[in-house]
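Two complexes, one shared chain (chain A), two partners (chain B, chain C).
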Partner chain A sequence: MARSTRTLLVGLAVVGAGILLAALRVNPYVYFAGYVILQYVVMATAWNILGGYAGYVNFGTPAFFALGAYTAVFLIQSTRAPLPVLILAGGLVSGLLGLGIGYLTLRLRGVFFSIATLALSIVLQTMIINWEYVGGSRGLSVIRPSGPPFGSYVTFLFAVMVLLSVMAVTVARFIERSWVGRGLAALRDNEEAAECMGVPTLRLKLFATTVSGVLLGVAGAPFPYYVTFVEPTSAFNLDYAVNALAMPMIGGTTSWVGPVIGAVLLGTAQQLATVTISSEMNLFIVGVVLVAFVVLAPEGIVGLVRRVRGR
Partner chain B sequence: MVAGLLLGGFYAAVSLGVSLIFGLLDIANIAQPAFVILGSYAAYVMNSSFGLDAILTGLLFTPVFYVLGAVVYRLYYGSFERRGEESLRGLVFFFGVLFIIEVSLSLKYGVDYRLVEAAYIGKSIDLGGVGIAFRLLVPCLVGLAMTLALHLFLSRTFYGRAVMAVSQDRLALRLMGADPVRIKTIAFGVGIAAASLAGALLITIAPVVPSTDRDYIGRMFAITVLGGMGSIAGTLVAAVILGVAESLMSTFFGPSWSLAVSFGILLVALAVRPAGLLGR
Partner chain C sequence: MAPALLEVDGLTKRFGGFTALNGVSLDVTPGERFGLIGPNGSGKTTLINCVSGALPADGGRIRFEGRDITAVPAHRRTRLGIVRSFQIPKPFTSMTVAQNLAIPLEYAAGARSDGADVAAEAMEILRTIGLESKAHTRPAGLTQIEMRKLELARAMAAKPKLLISDEAMAGLSSAEIDDILAILFRLNERGITIIMIEHIMRAVMRFSERIVVLDAGERIAEGTPDAIVRNPVVEKAYLGE
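What follows is the complex of A and B.
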């Protein structure tokens, strides 16, 4: 009990610090960059619930993210719904997609699952391209609602993202510490053995894919207001897939801290590279760092730290 | 329809490498399309600076790609396969390789469309009222030749048979006195070498940008899965099916839908019949 209270306090403190930072109004670029980094914290954490805990590598991250974003676009177009509604709806729709993907794991494991998720992303993108109401292939510009609760709209979105990332990390941490996390770890290591030991593998997998989908959709829902112009190529960008996968891999996939460390490090490095060198360079960095970590330090930074401590 | 058939021959050429590496060796080389694009750029560079024919370049570069493939496999083997943790980390490894190749190309050559020039591009012959563009015919013929060559390699030569054996029973192969790792290195090298030629064909058919590889991930794996994981004849059949399906789709519904065909077929094939059309 004391422990969960402490977690709650730490979470609240982070949210408070975020809002304080938003109220400080330093250089606006800080919020722009910070939003992207926090968005990656949410995405990396969401990816890790399925990829790290359950061992199902999802290449379809852009599908879930863009589905969240396009659900928001649809609601903005049709009803001009407020931001909290957009976030809830985005999470709900992406969560349903996650549930569907979960049933796919009945037949597809390992590599085949990964390729199927990649295929899913492209099929969804084609459907969005051909759906004129949400902008089709040309894209759609979205007008931000006037009068955010505080600061400029970007600082407001930044604060929202702080809240969302704290929420995502809390969910991941809770899953990791509960019997659900242990069940997922069991099926990651050997699905047949876990099933034989009485672990409800299907229910756990469905739970993991759904939660992962919800969080990715939630990360995508504020996206239209952030960029103010949504088009399929950027929303379904495969860069999200490699980033959402590289960040937990670099940080460490077995613990909730891993994706956060990875997202903050890699996200910051990319923001710096985009400003100082070129935007293509940042993907190159991701690729090289990803391959280097997978080959040399498969346990990620968390694993490295543990090894040093263990000695 | 005819264009679809011709496209099918070309798709077979593109997918042979995946069929060999993923289907037979069971290595999830998701970076294969990037190697194909690398082949396209090799063809482009040689064509624009020396005026060399694209397909000839593709052929000339096969040894280079073979060595490249062998090196990549050794790295993969040393880091993952020997430790027995190949499937997931290996997949991530190749995903990283895909991005490294793609971004290196766009850093070096930019994101403009590149194309090659050859005497036969733009010409066509008339067969009973149906015009057939050499631009499509030549890649199709080369693709068929490659399919045949790989089939002969696998069924007639010692190394080819050893590759088939390694996919079935590694221990038995070792008892026969052949080294599985060496055989796999050879097969991986051949698969990547096929990408060199396939890349040359690709740039003959249409202009190429570094990110073209993303479109081909789905096609390649759809064809390999549909064809039955490593069956060379199945690959050809599946490639033709996909080629025809795509060109019909693009005629009736517009070109923006044609990419979804391959991925749609892939999803259905994976969900309904993972063993493929001509599966074992």
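What follows is the complex of A and C.
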């Protein structure tokens, strides 16, 4: 009991610090870059619930993210719904897609599952390109609501993303430490043995794909208001797939801290590289760091720390 | 005769044009030590896969404690009490030996309270099987015999009524075989019904009270170990004419 109270307090403290930072109105670039890093915290955490805990590598991250974003675009276009509604709806729609993907795991495992999710992203992008109402291939301008808290809308979105990150990490941590997390670890290690030991593998996989989908959709829903111009190429950017996979791999996939560490390190490095070197450098950084980690520290930073502590 | 614990009735399984099991029927009574033998490719493992639920049957029925389980998914059959060990050990590699046992304890035996109870029970099982010194190592650090013991310990943690041991002794030395046999005898004394699939005749003949022989997907003989050894049909299946 005391432990969960402490968790709650830490979560509230992080949210409080985020709001405080937003209220301070420092250099606007801090919020602008901070939003992207936090968005990656949510995405990496979401990816890790399926990829790290259950061992199903999803390359279709852009599909879930963009579906969240385009659900928001649709609702902004049709009803001018408020941001909380956009986030809930984005999560719901992407969660349904996640549930659908879950049924794919009945027949597809390993690399075949990954290829199918990548294909899903391309199919979905093609559909959006041909849907004029949400902007089609040309894209669509979105007008931000007026009079946001903290003076600027990006600062407000930064505070929202702090909240969403804390929420996503809390969900991941809860799953990891519950019987669901232990069942997912069993099926990641050996699905056949897990089923024979009483683990309802299909139900757990459906749970993982759905939760992962919800969180990715949630990460995508505020995106239209952040960029104010949504078009398919940027919403379905393959960078999301690479980053959402690389960040947990670098941080460590077996613990909730891993994706957070990976997202903060890699996300910050990318933001710095974009400003100081060139915008093309950031993927190069991901590539080099990922290769280094896969070769030298396959269990990520968390694994490295554990190994050092163990001795 | 006591009512059967497991009834397999006319079980058929095809892989494309190949019939792996052709109308196989057998009964296993509660508390029995049952041997299932047959040459390579005779359908033993396929039969076990169908009984444990890993493969769907194409025909026939399977009943457990009088209940039709033909359409019940594998994890629920485990909870009902049908537990198998694998021919090639399939441990949960990222977990310690004790954590390996916690999975069936929690998921199959219904011990939902995580923490002390599960850990204590896992240690208890490891002690009976002689693996307690390895409780906190990962499976990668185990020897072949320890790996087989882990397979059996994990199956025990699921609290089976019927334990299906799929070639638990293949590749082990003679002393190690005796070790595993002793464990299986002890489990049987506790009231667990055991189906043993084995190529090592010395072990099956010593262990089983009754043996069924499969050949090319069909049941060709049934009887006590002595009767099976003298059966000319069985001899023909193993050695040819």
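A few remarks follow.
The rule is simple: the second predicted complex is superposed on the first by the 311 of 311 C-alpha atoms of A that agree within 3 Å, B and C clash if a C-alpha of one lies under 4 Å from a C-alpha of the other, contacts with A are read in each partner's own complex, and residues count from 1 in each chain.
Please note the rule applied: a residue touches a chain if its C-beta (ideal position, glycine included) is under 8 Å from a C-beta of that chain, and two chains touch if they have at least 3 such contacts.
Keep in mind the model is a prediction, meaning the values are calculated, not measured.
Applying the stated contact rule after C-alpha superposition, one finds that A:C196 touches chain C and leaves chain B untouched. Contacts of A:R182 after superposition: chain C is touched, whereas chain B is not reached. After overlaying the two complexes on the shared chain, residue contacts for A:Q39 are found with neither chain B nor chain C. By the document's definition of touching, of the two partners only chain B reaches A:L245; chain C does not.
Against chain C, the residues of chain A that register as touching in their complex are 179, 182-183, 185-186, 188-190, 192-202, 254. Interface residues of chain C facing chain A in the complex, by the touch rule stated above, are 52-54, 73-76, 78-79, 83-84, 86, 90-95, 99, 102-104, 106-109, 112, 114, 154, 157-158.
Remark: chain B residues 22, 28, 30, 75, 79, 85, 87-89, 91-93, 95-100, 103-104, 106-107, 214, 217-218, 221-222, 225, 254, 256-257, 259-260, 263-264, 266-267, 270-271, 274 touch chain A in the complex.
Residue ranges on chain A touching chain B, taken from their complex, read 55, 57, 59, 104, 107-108, 110-112, 114-116, 118-120, 122-123, 126-127, 129-130, 137, 238, 242, 245-246, 249, 278, 280-281, 283-284, 286-288, 290-291, 294-295, 298.
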